[in-house]
Every structure is written in C-alpha cells, then in structure tokens.
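Paired with subunit B in one complex and with subunit C in the other, subunit A is shared by the two complexes that follow.
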Partner chain A sequence: MPSATLLGQALISGVLAGGMYGLLALGLSLSWGLLRLVNLSHFALAFLAAYLTYELGTTYHVAPWWSVLIIVPSMFAIGLAQHWVFVRFKVNELGSLLITFSFAVILEVGIQLYWTADYRRFETHYATWSIKAGPFYIPVLELILCLVAGVLAWGTWLWLRKTYVGKALRASAEDADIAAAYGVDHRKLAYLLSGIGAAYAGVAGTFIALIATLAPAQIWAWLGVVFAVVIIGRLGNPLGALAAGMLIGASESIAMAVFSPAWAPVVSFSVLIAILLWDPEWS
Partner chain B sequence: MTAGQTLPKAAAALGILVFAILPTAGLPAFYDSFFYLVFFWVSLSTSWALLSGFAGYFSLGHAAFFGVGMYTTATLTTKANVTFLVTVPVAAAMAALLGVGIGAVVFRMKRLRGELFALLTLAVTFVIATIILNTPIDGGAGVFMSAVPMPNLMPTQTGTIYVLGFAMCVLTLGIAWWVAHSRLGLGLFAIHDDEDVAEAKGVPTFRYKLIAFALSAGIAGAVGGIHAMYVGFLTVAGTFELTVPLYVVLMSVLGGSRNWFGPAVGATVITALLYAFISGGEAMVGRAVVGLILILAILWLPDGVVPAIQAWMKRRRRSETKPHAAVVPAVPDRPHKIGSRNILEARGVTKRFGGLQALAGVDLDVREGEILGLVGPNGSGKTTLINVISGFYPLSGGTIMVDGAEIGRLPAHEIAHRGIARTYQIPRPFVNMTVLDNVSMAATFGGPPRTAAEIREEALHWIGFTGLAGKEEALPAELNLHERKFLELARALAAKPKLLLLDEVLSGLNPAEVDNAIRLVRAIRAQGATIVFVEHLMRAVVELSDRVAVLNEGKLFALGAPREVMRDPRVVSIYLGKAYAA
Partner chain C sequence: MLLEVRNLHVGYGDAPAVWDVSIEVDAGEIVSVIGPNGAGKTTLINAIAGMLRSRQGQLRFDGVDMTRVRPHGFCEQGIALVPEGRRLFTKMTVEENLELGCYLPRPRAARAESLERVYDLFPILRQKRAQPAGELSGGQQQMVAIGRALMAQPRIVLFDEPSLGLAPTIVDDMFDIIVRVRDGGAAVLLVEQNVIKALSVADRAYVLEQGRIVATGLPDELLKQPHIREAYLGV
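Let's look at the complex of A and B:
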C-alpha cells in the first residue's frame, strides 16, 4: 500500500486529469442528450484544435490565449456545418455515429498528412509550473483547465436551467414535435447547440496542445473513457459530465497508484457497466 | 424447380469450388493473403449483423468476441500444445459463452437497448482487453505463434490459412442465409422493429436474442482463432483495437445489415478498396476515401446497397401476389349462442405501478363465444387489464386462468401460444415488414404449426377479410390510420386466437368506417372466437356486446346486459358526475 502522501498526490492529479475528461465530455453530452446525435468526431475536432494551437504557437509564435480566439469560432462554424448535414439528411442517432466516425477518420488522415504521424510537443515555459500546497504539488495548467471546465459546465447548466432557451432545448429533447407545436423553434436552437458543442472541443483542444503530446492516433485514445463519463454524468447534464470526469480521473489515478498503471482502464469501464446495470436515479 | 432458381445455385456451387481449389493453382502468395482478408472481413461483418443487424441490438463490442477467440487459440496452442485445428471450435465456444453470459444479464433489462447496449458492449471490450493484458494470458509482451505447427491442408502455409478462412466464410454465409430464411430470423426481424409486439405475437424474444448473440459471438471467436495463426504475433492493443468493431459496423451498414448478404458485399468493397490503396503506398488516403464513401452511402442509402438494389428490382417487377377478394360475410344480427364454459377467469387481479394502484382486485369471467365490452372512464384500468392478461405487464397479485390453466405469471409469448391475441390502441405494425409479412409473422408465431404455404394462404385470407386486399406488398407507412387499425386486426386474427383482446379499435374512425369495423367484429365472433373489447364509443358497445363490464378506479364496478348496465344510475354517475344520475 502506498503512503498517504502518494495517495493524496494521486487523488489531486487524478481529479485534475479528470477535468480534461469532463471538458471533452461536455460537448458530447450536450449533443447526445439534447439533440440525440452521437458525435464521434468531437475527439477529432479537439485534436484538430490542438494541432492548430501547436502550429500557431510554434510557427507564428501566437500565444495560446490569442489563438483560442480564432480556433473556437472556427470550431463553432464546423459544428454548424455538421449540423446542417444532419438536418438536411434527417440523420438518426445511429447514422450520426457512423457519419461522425467516418468524418473523424478523414480528419485523422488530414492531420497525419499535414503534421505526419510523429509525436509533436508544444513546448512552453509555463507547462511545468506548479503550486506547492503542503506536501502536494498542483500543476498550474491542469488547475486552469479545471477552472475553465468548471466555468463552462456551470454556465451551460445555468443557461439550460434558468433561461427560456435552455427550457426550450430540454423540451425539444423530450419531444421535438410537441415542443414545436408550442412555438419552440427547435431548428435554430439545435444549430446553436451543435456550434457550442464543437466550440467546447476547440477549448479542450487548446489545453490538449499545452498539456499532452500530440499524435494523430491519440484521437481515439480517450474515446472509451469519455463515453463512460458522458453516461455516468447523465446525458445532457453539463455539471454531471464534469463531476463524472473528475470521479473517473480520481479513481483511475488511485488504481494506478495502488495496483499498476495498466489496470487503470478497468476502473472507468467497470464503473460504467455497474451504473448501466444498476441504473441509479442520477445516471 | 425453374431455371431462375437453378442458375444462381449452380453459380454459387461453381464459385465455391473455384475458390476452394485456388491455392493449388500456384498463384503468388499475395492473392492468398488478399482473399484471406476479404473472407476474414466478410465472416466478421456477417456475424456482427446476425445480432446487430437482424435483431437491431447494435454492438460496438465485436472485438471482444473476436479477441477472446484469438487469445483462446494462442493460449491453447502455445501454452498447452493443443493442435491448432482443435482450438478453433474451442475459441468459438469461449466467445459464444461470453456472448450468452452478457446477454443473460443485459437482455433482461429493457432499458439497455440502442446506444446503451452499444456502449455496454464497448465497455466490456475494454475490460476484457485490460484483464488479458495484465494476466499471464498476454502479460503485456504479446504472444508469438511462430512455433505452432500449421496443418498441411494445402501446399503452402498461406494456402492453408486461405482455405480455413474460406471455409469459415462459406459456413458463416450459410448460417446467415439459414437464419434469415428461418423462423428464428423472422423473430429477430420482428424484434428489430418492435420487441414488445414481437413478444406479444408469440416470439420468445429472450431466447431468440440469446441464440443470435451466441451465433454472432461464436463465429467471431472462430474467425479470431484462425486469424491468430494469420497474424502470428498477438498484442492486446492490436487485437482489441477500436477500429475493428467500427469497420465491422461500417461494412455491414454499407452493404445492408438487415440482409444476409449485405455485410458480405460491404466487406468485399471496403477490403478491396483499402487493399488497393495500401498496395499503392497510400494507406492513409485509402482510409480517408473509405470514410468519405461511407458518409455518402449512409446519407443517400441509409438501408444499405443490397436492399437498395432489391427495392429497385422489385419496382421493375410486377407484383406476384394474387390478392384475395374482400370476403366479409354478412352475419345476421341475431342472438348468438354463448357457451356456459368460462374461457377466462380472473380472480383478484391487481397491478401496482409504484404507489399507483391501477387494478385493485378485479374478478371477471369471460364465457366461451361471447363478446364482452369493457368500458369505464379514462384511467379506470381497462387497457391495463388487457396488458396484464396478454402478459405485457407482470401481475402484482391475483390469478388469471385460461381454459383452466394459470397464465398470470407466464411470459407474453407463452400466453400468445395459449391462444390469446391482442391489438394495440395506437397501431404498432412492424415498420420494415410488408403487410403480408406482418400478418404471416403473426400466423407463424401465434397459430398452430403449419407449412409456409399454409401460413401464406392464412395471411392472405385475413388480409382479404379485413379489406386490405391489394395492399399485401405495401409497407405500414403507406397505410392510413383506418388501414393500420385493420392491419392490427388481421395480425391478431392470423394467430387463430381463442380469445381476442381488442383495445379501442374504433377510436379515430369515421362513422362509415365504424360500421365496417362493427360488421367485422361480428364476423370474427361468428367464426368461433371469444372477444373482449375496450371501447369508448357507446353505440358500438351496445350494438356488439353480449355483456358489458364497467371498470372504475381499478375495480369491477358493474357487469350485465349492455342496455341495463348503461342505464344504471351508478354507471351514469361515474361517467358524467352525480348530477346526471337522477
């Protein structure tokens, strides 16, 4: 059994790493829960954003906090375009899954042709900054990531709970025809939500560029875990997605510290299977 | 047998023979390897379609069964020195066992359909991969198969692998053809469209899904066993790769996953394309092109290539079905003889939904040959009673006897086998089946065992009887509400029920259609069926019923001859309030 300090450090790193799961899960959860569209290309969009951040940072020396201003609106536009296709062809849940998978493959190929399959690393002097709190180290970038994820999740939650737009969206998710009969313009809202989902992938991508090492095949690395997070956090619930992300991140990290790193995937998927079979109220 | 049937069979036999002896022709090993990959993907995607295409249980976990097969063969051959060919059936058995194990848990939960089933199977894949990685089965270093002796079926090693892959492919396609043309396949197609209705029409849905899962997983396991020898070196990352289940899905969907031959077409096209790009040194571009083709195919041919071609050919051919003329016999409106025997006896029937008491101890007898009208205000428990008798809801308490045998705790399909058929208030036809198939399906699963020709005759008879003649080849979406209601009736009648439960067949019909329906119900009774019908339209209740039962707040409130019951002040008061009862 590892020491208390090691466990504590594992817990902190796990929760912070889980912030990334939560941030990625956020956009996926919104489109799946509220639009009944499963967007596998979410991960590819996040990596495209990450590579763009890297490219702008290393070639043109644009700082990530500036490049995000270009990337996030571009991703928003891509989200709109994707949604236009879904609407135009009346794509169902299953169709959206297959189409976005194919789109993700195409993006992966594009990334690999332009940036090659080599590992890329966006070196910054602040990447390794950390705060010392007692015996523990808290990496600054991951902390900012979690704060951003928290603000986005909280803001989205408030937006969905408190405003007319949010209520209309939730009504449309329940029954689009009935909602439309009460004057909800489902189509405009759906476009807005698709755009926002893709924009969140852009935000996630910027952090991926700063924190992780980039390779085209990495697009698929988080797919399983993030899907688990989306389900555990309950479809369409932004705060749930973030909480579930941190929960899974923490449990993986503890499992790595106590057993071995290779056992980590079992944790998230066992939790997912248990929750699917048990079906608690909050899932 | 006509030439039109002999020719494809002869071509298929010739094709099998040519492909089987191909390795002896001395072609470069490149051909063996290419064709092996085609066979591999055809087998894998066809096996996926057996459960996920036919029955609609969309799985993203096909790599789990395939991988379990690979590692079963690898472990047995390298660690226990078992002969390679012996390990292939064992690999199939292990994978099938895993499939049945998952199914036995998951298929009991109605929630776990659709994307949740897909996700669950994906999660199982990751868990199995991690377990194999961290135990001595793999141990993280991978497993080398190079020392395992290959059986000498063909002059060359690649030839032997080719022949094994080919045999597996023919076997898989044979199984898929058989399933698609069997009772099992008909049941699976019905489950795909509406599982609850399939169960109510007599399909043992749980057992059928388990069989389909076992076949699907078992084939994938055997394919994996052979593939272990082909790759020669197994790693967990390579075996349980996410692209395997996704490619299987895409190939099946491209070709048409509800068609036995569709996945084979999709797999051949995609494998050939990928191979062409790989040998041209443009593997990455090949992947992108495949991705693009799939997007276009799913947008424009959502049902797949093979069904699209079939539909096109069908449009060119004239319909071969000779419709039966409408033969609703005129039944004189005279008192009908009702037996003294009870066909249905309900005692203390209760049904609770959480805190809500929908049925609070209903006692009701239905006599053989009678028409019993079931009325009551909204929420009084009429439809719930139908749902409980037909087995859609399990009983909370009490007993239901049919012909003296307790049925209250049987699954719905067994209740259907005992001669109880029902219709739905809002018609629930199987949307991907024609009118004829909808009715034939009910005759196959509900009625006594008959030959295919007899079932077809029976189905055509009831289609004519309900006035749907000429619409045999139409899909339910092409029918109007009136016709869909009558399709519900035809489907219930084709099962030759002893007791027919009709749930508001008249609601939403115009006066002329109501008259027509009333005539039909009389004609049905004249043929010997007993009928319980839920209805709000009082004119029909009074005209049709021998007796009327009034339900109120989950209890039997009144029972008797229609005119007396409807004049009972107590009955009037529950419908219209106390003020009108005087």
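Let's look at the complex of A and C:
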C-alpha cells in the first residue's frame, strides 16, 4: 500500500487530469443529450485546435491565450458547418455516429498530411510550473484548465436552467413537435448548440496543446474514457460531465498508484458498469 | 371567421387520414368535433396546430394562409394546443412547462401576469411549481397542459381528448375549465370521444367518421339524429 502522501498526490493529479475528461465530455454531452447527435469528431476537432495552437505558437509565436481568441470562433464556425451537414442529410442518432466517425478520420488524415505523424510538443516555459501546498505539488496549467472547465460547465448549466433558450433546448430534446407548437424554432437552436459544442472542443484543444504531446492518432486516445464520462455524468448535464470527469480521473490515478498503471483503462468502464447495474436507467 | 378549414386533406404514415374536411370556428365559440377512435380527430387537430402538413385544401386563421407557415409560426398567430396525452416536458418543472408556453416575445412580456392567472385557475399548480411535471397525477398534468396553452395568450385553444384517462370527477372539472377558457376570451376547438360532455359545452359541433365530416349542427339537433343516438349514445 502506498503512503498517504503518494495517495494524496495521486488524488490531486487525478482530479486535475479529470478536468480534461470533463472539458472534452462537455460538448459531447450537450449534443448527445439535447440534439441526439453523437459527435465522434469532437476529439478530432479538439486536436485540430491543439495543432493550430501549436502552429500559431511555434511558427508565429502567438501565445495560446491570444490564439484561443481565433481558434474558438473558428471551431464555432466549423460546428455550424458540421450541423449543416446533419440537417442536410437528415442524420439521426446512429447516422451521426457513422458520419462523425468519417469526419474524424478525414480530419486525422488532414492533420497527418500537414503536420506529419511525428510527435509534436509545444514547449513553453510555464508548462512545468507548479504550486507547492504542504507535501503536494499542484500543476498550474492543469489547475487553470480545471477552473476554465468549471466556469464553462457552470455557465452552461445556468444557461440551460435559467434562460428561455436553454429551457427551449431541454424541452425540444424531450418533445420537439410540442416545443415547436409553442414557437420554438428548434433548427436555429440546434445550430447554436452545435457551434457551442465545437467551440468547447476548441477550448479543450488549446489545453491539449499545452499539456500533451501531439500525434494524429492521439485523436482516438481519449474516446473510450470520455464516452464513459459523458454517460456517467448523464447526457445533456454539463455539471455532471465535469464531476464525472474528475471522478474518473481521480479513480484512474488512485488505481495506478495502488495497483499498477496498466489498470487505469479498466477503471472508467468498471465505474460505468457498476453505475448501470445499480440503476439501469442512469443516463 | 377566426379559423377556416376548407376541403383539407391530411395524411401521414400509419395515422388515420383526413379527407376533404371543412370546419369553421368563430371568436368566442366552443366548437366540438366528435367521432370514434381512429376517425382522424387527432390528425385534424394536429394539422390545425401546425404539427402536420396538409396535403391539399385551405387552412386560414384570421385571414392568414397557415399552409405557408412553418410549424413554429402557428403559436405566433395565436393557436395553442392542449395535445392528446398531455405531452408535458416531464423532466422539467411545472413552472418551466408553463414558461415554455410563453416562449415567444409577445406572451413572454406578460409572463408574470399570465403565471398568476394560471395559478389562480389551478391553485394546486402553485404548490407544485418546482416539481418535475412527470411526477404529477393525470389530472394535475392536464392542468399543466392547459396552463401551458393559456400562457401563450392564445386566440384559439385546441383541446385534443382532454378527458382521456382522467377520473370521472376530474372530467367534469375539465369541461368547466374549457368553458372558462372560452369565457376568458379565446375560442375553443374541442376534439372528444366523450360525446355527451363534448356536446353539452359546445355552441356547434361536427361529426367526423373515417376521416370525413358526416354531420354538423347545433348540439341539440345532432342529439336528435338517429345515427348519432345509435352510434354514440347507444339508444
């Protein structure tokens, strides 16, 4: 059994790493829960944003906090374009899985053609900064990521609860015809939500560029875990997505510390299966 | 004439079709459409609510050609639906359901007064305002469905089988409410299988069978017709 300090450090690192799961899960959960569109290309969009952050940072020396101002609106626009395809071809839930898988593959190939399959690392002097709190180290970038994810999740939650647009989106998710009968133009709102989901992928991508090593095939690395997180957090629930991300991040990290790193991939789906056994109608 | 349906044809999927139907509703009227299960009553009312496209014929509301209006534009003209089976947003609270009724800018501006009016009409909903609508009893859910329609400040309220699945004592209350809705200034188009009740509150009525209007007139006249007495009253 590892020491209390090691476990505490594992818990902190895990929760902070889980912030990334939560941030990636956020956009996915919104489009799946509220539009019934499962967007596999969400990860590819995040990596496109990461590569753009890398490119702007290394070639043009644009700091990530400036490049994010270009990247997020661009991703929003890509989200709108993607949604146009969904509307144009009347894509349903299963169809969205297939069509966004092909989007993801195309993006992966595009990234590979432009940036090659080599590993890329966006080196910054602040990447390794950390705060020392007692015996524990808290990495600064990951802490900022978690704060940003927290603000986005909380803001989105409030938006869905308190505004008419948010309520209309939730109502449409349950009964689109009746919502329309009361004046809700679901098509417009769906475009907005798709854009927001893609914009969140842009935010996630900026952080991926700063904390991870980039390679085209990495697009698929988070897919399994983040899907589990989306379901554990309940579809369409932004705060749930973030909480589930942190729960899974912490569980993985503890499992790695107590057993071995090889156990980490088992954790997310074990938690998911346990939850579904406890309540089959969880999601 | 507020609502004018002329030679309307509607048909979709497995749902019963409606053929060559003409009905009218004037301001301040309660008009009932009665008929057996599967006659096309819901199809007809859904077409008037904008949820189904008509294939042919005219649908005019206060002079506006509604066949050119997109589904989410019907409410703006003043048409509100109380759908069959209530179709509430079950996971949202009672108050959120009501607020969806005043989604459009004009009724939204009157949100506070409209909410008060609905809570005065159905005091129990004031107590249950923060509960998920799906947890309410059938009668209370019907109140939410009617409240949601009233929040839209409608000029006509379309009721689709409001008594379906409700306890007999509550059914009487529902028809009282329908009369109060009309007295409050909106016209009412009511589609019902409960023939006696539907005719007792109606100013005029139509009989829809197998997708066609087979009879029309004042409730008293219809009640005297041998076919109606046989088919609907069992005498």
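Keep this in mind: the second predicted complex is superposed on the first by the 279 of 283 C-alpha atoms of A that agree within 3 Å, B and C clash if a C-alpha of one lies under 4 Å from a C-alpha of the other, contacts with A are read in each partner's own complex, and residues count from 1 in each chain.
Keep this in mind: a contact is a pair of C-beta atoms (placed from the backbone, for glycine too) under 8 Å apart; a residue touches a chain by one contact, two chains touch by 3 or more.
Here the structure is a predicted model, which is why all the values come from computation and not from measurement.
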| request: Put subunit B and subunit C onto subunit A via the superposition and say whether they clash or fit. | output: clash
| query | Once the shared chain is lined up, is A:Leu223 touching subunit B (first), subunit C (second), both, or neither of them? | reply | first
| message | With both complexes overlaid on chain A, does A:Lys167 touch subunit B (first), subunit C (second), both or neither? | response | second
| query | Now for A:Ala180: first (subunit B), second (subunit C), both, or neither, which partner does it touch? | reply | second
| said: Counting residues of subunit A touched by each partner, does subunit B or subunit C come out ahead? | reply: B
| So, A:Glu123: does it touch subunit B (first), subunit C (second), both, or neither? | neither
| If the two structures are placed on top of each other, which part of subunit B overlaps subunit C: 165-173, 489-497, 507-515 or 525-533? | 507-515
| note | Counting only contacts in the complex, subunit A reaches subunit C at residues 164, 167-168, 170-171, 174-175, 177-186
| note | Per the touch rule above, subunit B residues touching subunit A in the complex are 58, 105-106, 109, 111-112, 114-116, 118-120, 122-124, 126-127, 129-131, 133-134, 140, 242-243, 246, 249-250, 253, 284-285, 287-288, 290-292, 294-295, 298-299, 302
| query | Contact residues on subunit C for subunit A in the complex? | reply | 49-51, 70-76, 80-81, 83, 87, 89-92, 96, 99-101, 103-104, 108, 148, 152
| task | Write out the stretch or stretches of subunit A touching subunit B in their complex. | result | 32, 38, 85, 89, 91, 93-95, 97-99, 101-103, 105-106, 108-110, 112-113, 220, 223-224, 227-228, 231, 260, 262-263, 265-266, 269-270, 272-273, 276-277, 279
